[in-house]
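Below, chain A partners chain B and then partners chain C, in two separate complexes.
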Partner chain A sequence: MLQFILRRLVGAVVTLFLIGAATFFLFVAAPSDYASLACGRDCSPARLESIREALGLNLPVAQQFWDFMSGIVVGRDFPDGHCAAPCLGQSFYSGDFVWDTIMDRFPLTLSLTAGAILVFLTIGIGAGMLAAYRRGSTVDKLATGASMVLSSFQIYFLGPIVLMIFVYSTGWVESPKYVPFTESPFGWLAGLWIPMVVMATIFTAQYTRMARASMIEQLAEEHVRTARAKGMGKKYVFFRYAWRGSLIPIVTVLGIDISALLGGGVVTELTFSLQGIGRLAVDGAVNKDLPLTMGVMLFGAFFILLLNILVDIVYAWIDPRVRLS
Partner chain B sequence: MTTLTKTEDAPAPTGPEGFLSVRDLKVRFSTEDGIVKAVDGLSFDVERGRTLGIVGESGSGKSVTNLTVLGLHSPRTTTIEGEILLDGKELVTATERELERLRGNKMAMIFQDPLTALSPYYTVGRQLSEPYMKHRGASKKEAKDRAIQMLEKVGIPQPKVRFDDYPHQFSGGMRQRAMIAMALMCDPELLIADEPTTALDVTVQAQILDLLKDLQQEFGSAIVFITHDLGVISSMADDLLVMYAGRAVERGSVKEVLRSPKHPYTWGLLSSMPRLDGDINQALDPIPGSPPSLLNPPSGCPFHPRCAFKDQVAGDLCSQERPTLAAGRAAACHLTAEQKQTIFIDKIQPRLR
Partner chain C sequence: MTSPAKTEGPGSAVALDPELDATSQVAEGAKKLEGRSPGQLMWQRFKRDRTGMICAGVVIFYFVVALCAPLLTMISGSDPYTLYGQDPTYADQPVLDEFGLPLGWFGGVSGSHWFGVEPQYGRDLFAMLLYGMRTSLLMALGVTVLVMLTGVIIGLVGGYFGGRTDYWLGRITDFFLSFPSQLFFIAFMPVVTAFFVDPREETPTYFRAVAILIVLWVLGWMGMARLVRSTVLSLREREFVEAAKVAGASPVRIVRKEILPNIVSPILVQFTYQLPSTILTIAFLSFAGVGFVEPTPDWGRLFAAGARYAEQDPAFMFFPGVALVIFILCFNLLGDSVRDAFDPKSGR
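Moving on to the complex of A and B:
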């Protein structure tokens, strides 16, 4: 198992390097560059040259790439000061170190993700399992119907409606804002509950449907029938035999969802006027800000790879057949 | 001795009954396409220490019958009529809790495919121990000792080590042995084996059959053995029930049914079977057509659309009236005893030689 994890980690590092390379060279190959954008309309060749010089854009592309990638491991020195590892470079646009910018925005993204996951995992999976357990009952019909409707909603539809009701029309609560949890747990929740609830609602609906379908599939498995044939009670069979197998598709999708959420949700952030990682990605691309784009890209990719490994570890925990092969 | 004293149409509550006694059982599934009559008026008895073989094609209702005995059908879509008596206890009307107490305890089932029928997520040992702990109130330690003892009994080498293995670490034959050991954990008085050897190599198959026979001698259980393999049934069962389209069409002792079968369907089954000592140039003689849809079974005798001898019966009797299965050694067919005798001697027997 340990060897498996090590192998996956090495693979992840290689993948991150390749993603970095692809992003970097695609960006360089793009038809416009930041220097001429920053230089403006009345740009003299000398001024353009000095901007290029300052940003390191006159260096060979391979050299630029190497400087960026090695900076992640050992840090880099800029005229403004030392950028400690993991250094993701200095934003062309703002001049801030990209890592610091990301770390500044990440708590919000992490808060939203954690809050939403907490809700949709417990309520979503719980409701789905209950619906499967009482298949055909009123509870099942209610859960199936509600999740069908809610999962077809989008954040940019549900979000503004909730904002309109609770913020703009009635003024019951303030607009969503980020207050660090360490500063005031209550303020944190008060500032973020609306986006959390909206995100969680849509995910909950999806997870309810998925958990129900997965559970029903498992309940039809032959080994589940065998457990009943042994005289094991309905609850025991449900929670010991069927439950375990039903987790596999849920864990798969959960891994994808968590990494996507941590990589930043542009739509959510725009809908609720919040400053998270998703915004940074958009800013980087719009401003032709190579270091910022690279940074956000690698940051998101890191979570995708991390969650992939975690999902594989969970698979091995669920299913002994995975463990031994 | 298995008592075969009742007619299908007269499920009388008195008279001698078997240890397991099924009376006029009707099982219906409601599906999107309509009502499936999976079992339609079936009666049989099994005594302790005896083995009843049930043969028939896929979809003839063999497995459904036995899942119903254990109460493993889906209550949402299934309706059941008739009586199932286990040692005098009525099972059709029993509550889920009562059935749970009997399943894996007084009655146990061995399933066909041990790879899918054992949970991949738990060790063989745990899966064996569970019913013993539940039904006998045994401690984990006692259940483990018992499980190791049973694994040894069914011939699994190093049972102490194998106790902690997962099913996928077992070979096919060993999995089936483990499955049998699991069914026998609580010394069941009724053992239902649903094609227990179909998924196995012939050599392993023979070992498993021997094992079942030995265990029956030791425990004196009643066994219901479901298969479509007449070779297996001849070595395994005392009595035989031939099923077609959810009904019993012939019954008797194994010797009687296999030596002098009396139903055209049984003739067909026997003629479809290759023989080791047969002439390789002689073609097998399969039954034409396929089993009928149980959504809309044929009128009269359900076998009449595939029956080669129906024109020997006067009028449209075969397509209009359902033949009854008399008590004891009997076949549900409109042909007269003389006709059956003549057809069997002239047409069927030469093929079986």
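Moving on to the complex of A and C:
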């Protein structure tokens, strides 16, 4: 198990390095010069040169890349001060250190994503299993139909609808905002529950469908049938025999969905005007802020890889066959 | 089936060709007697699936409407660019009040503006939606075709040749898969656009479209490649491929005549799932502000605008949103039906 985790970690570091390299060289290879962007339209050559100097764009590309990559491990010195160890550089646009900006925004994205995962896993899997348990009943038809329709909704459509109903027209709820959990757990939930639920809705619908299909498949398995034939109760067999097996495909898909989840977080942040990592990525792209974009990309990739490893561990825990291979 | 026996005969390669032709003609003759190719079987199963047929109809309707956007807007007498609220030509037919909000019922629905008008500018929503759908559908079609072709080629090469080729193609696929794709779409759009135009100048819509195409293509082919590879891997070991190999068929011929016809159905199923998700991704890009920009009509941009106007004019979001939900719902149901028709065992 330990070896398995270690191997995955080494793979993750290599992947992160490659992603960093790809992002960096794509940006550098682009014909537009960042100094001229930062300088604006009416830019004197002298000023352009001084900006180039300040941004380190005069150095060879390999040197720039090395500075960036080594900065992540040992930190870097900038004219504005020292940037401590996981240093992702300094934003061209705002002049802040990228790592600090990301750390400032990350709690919101993390809260949003974690909340959404919790919501859609419990409701989605619960509803799907219930539908499979009562296959053919009204509950089943309702769950299947609703999940079919809801999975076709989009966050950027559902979000404004929910805002219209609960915030703009009735005023039952305040506009979503982020309150740190450590400050006030209640305020945190009160401020974020709408985005969480909206983000989770589409995933809930998808997971309901999947859990139902997976459970039905499991119930047709031979060991389940044998257990029933031995005279075990339906409930017992359902929760003891079929439940665990039916989780395997769900966990697999969860691993694939993690990237989509981060994307969903981006849309949710934009829809509800929350200041998270997604908003940061858009800002970086719109302002053509290379260090910020690089930082967000690497951080996003790190987050995804980390969660993927977590999913693999859960996977190994559910399915003993994985542990052995 | 009989070809291995024949190759054992003394006939040279030259003599083999007419024989092969003859057998294939016999096979065609037999087909006429028995009458049902896998494609026909699929079509017959599909025809019996009522949900699938209705959804196919709806999807075709959307494509027709989108392609006929210029015709239909000619009938409605509006176009997606005119600012009906600001243009002095239309001063005698006011569509906006002094706050820039649409006059009249439900976002300004009227005989001349069927779906209402956009707040602030007064552009016709019906025309914007139709033209936006046209943009989205055509773009998505282009992206999906490119993604499919790339995925099929890479999957075929990796799966068929195996060995080192397969290993490296697999690593490349894994690498692309580990990108946080949606963050990358956002981040790379401006970069790719910058390859074509100086960022300080106005980017023509045409270049934006190409940039979107490239970004979605480069980061989109992996799923297809994996699917094709795994299918080809299992097909490669089957007897009919072995027979073709023994008969001396070239790899190109084996891939084209023996393997490709067998992967058509998973490709088609994947296609019906890929297209709606591509439409949503393009909409996502425009929504995030890095896809199409003013004044290009685009489905995703309508949602960005709708979110902006949601507080004052909730009706604006209604038509684009409902249209999108129906479209995606039908496309998903259609995908399920196509899958069931190809593979009745997978029935839920």
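Assume the second predicted complex is superposed on the first by the 316 of 325 C-alpha atoms of A that agree within 3 Å, B and C clash if a C-alpha of one lies under 4 Å from a C-alpha of the other, contacts with A are read in each partner's own complex, and residues count from 1 in each chain.
Here is the rule we use: a residue touches a chain if its C-beta (ideal position, glycine included) is under 8 Å from a C-beta of that chain, and two chains touch if they have at least 3 such contacts.
The model shown is predicted, which means the values in this text are computed figures rather than measured ones.
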Which of chain B and chain C A:Ala260 touches, first, second, both or neither: second
Contacts of A:Gly300 with chain B and chain C, given as first, second, both or neither: second
Partner chain in contact with A:His223 - chain B first, chain C second, else both or neither: first
Chain B versus chain C as contact partner of A:Ala21, first or second or both or neither: neither
Which superposed partner A:Ala213 touches (first chain B, second chain C, both, neither): second
When both partners are placed on the shared chain, which of chain B and chain C touches more of chain A: C
First (chain B), second (chain C), both or neither touched by A:Arg244: first
Touched partner set for A:Met1, first chain B, second chain C, both or neither: neither
Residues of chain C touching chain A in the complex: 175, 178-184, 186-191, 194-195, 198-200, 280, 283-284, 287-290, 300, 303-304, 306-307, 310-311, 314, 317, 321, 324-326, 328-329, 332-333, 348
Chain B to chain A touching residues, read off their complex: 70, 72, 76, 96, 100-105, 108-109, 111, 113, 116-122, 127, 130-131, 134-135, 166, 168-169, 182
Partner chain C, residues of chain A touching it in the complex: 15, 18-19, 23, 26-27, 30-32, 36-37, 41, 148-149, 151-154, 156-157, 159-161, 163-164, 168-169, 213, 216, 259-260, 262-263, 266-267, 270-271, 278, 281-282, 284-286, 288, 293, 296-297, 300-301, 303-305
Of all residues in chain A, those that touch chain B in their complex: 135-136, 221-234, 240-241, 244-245, 318-321, 324
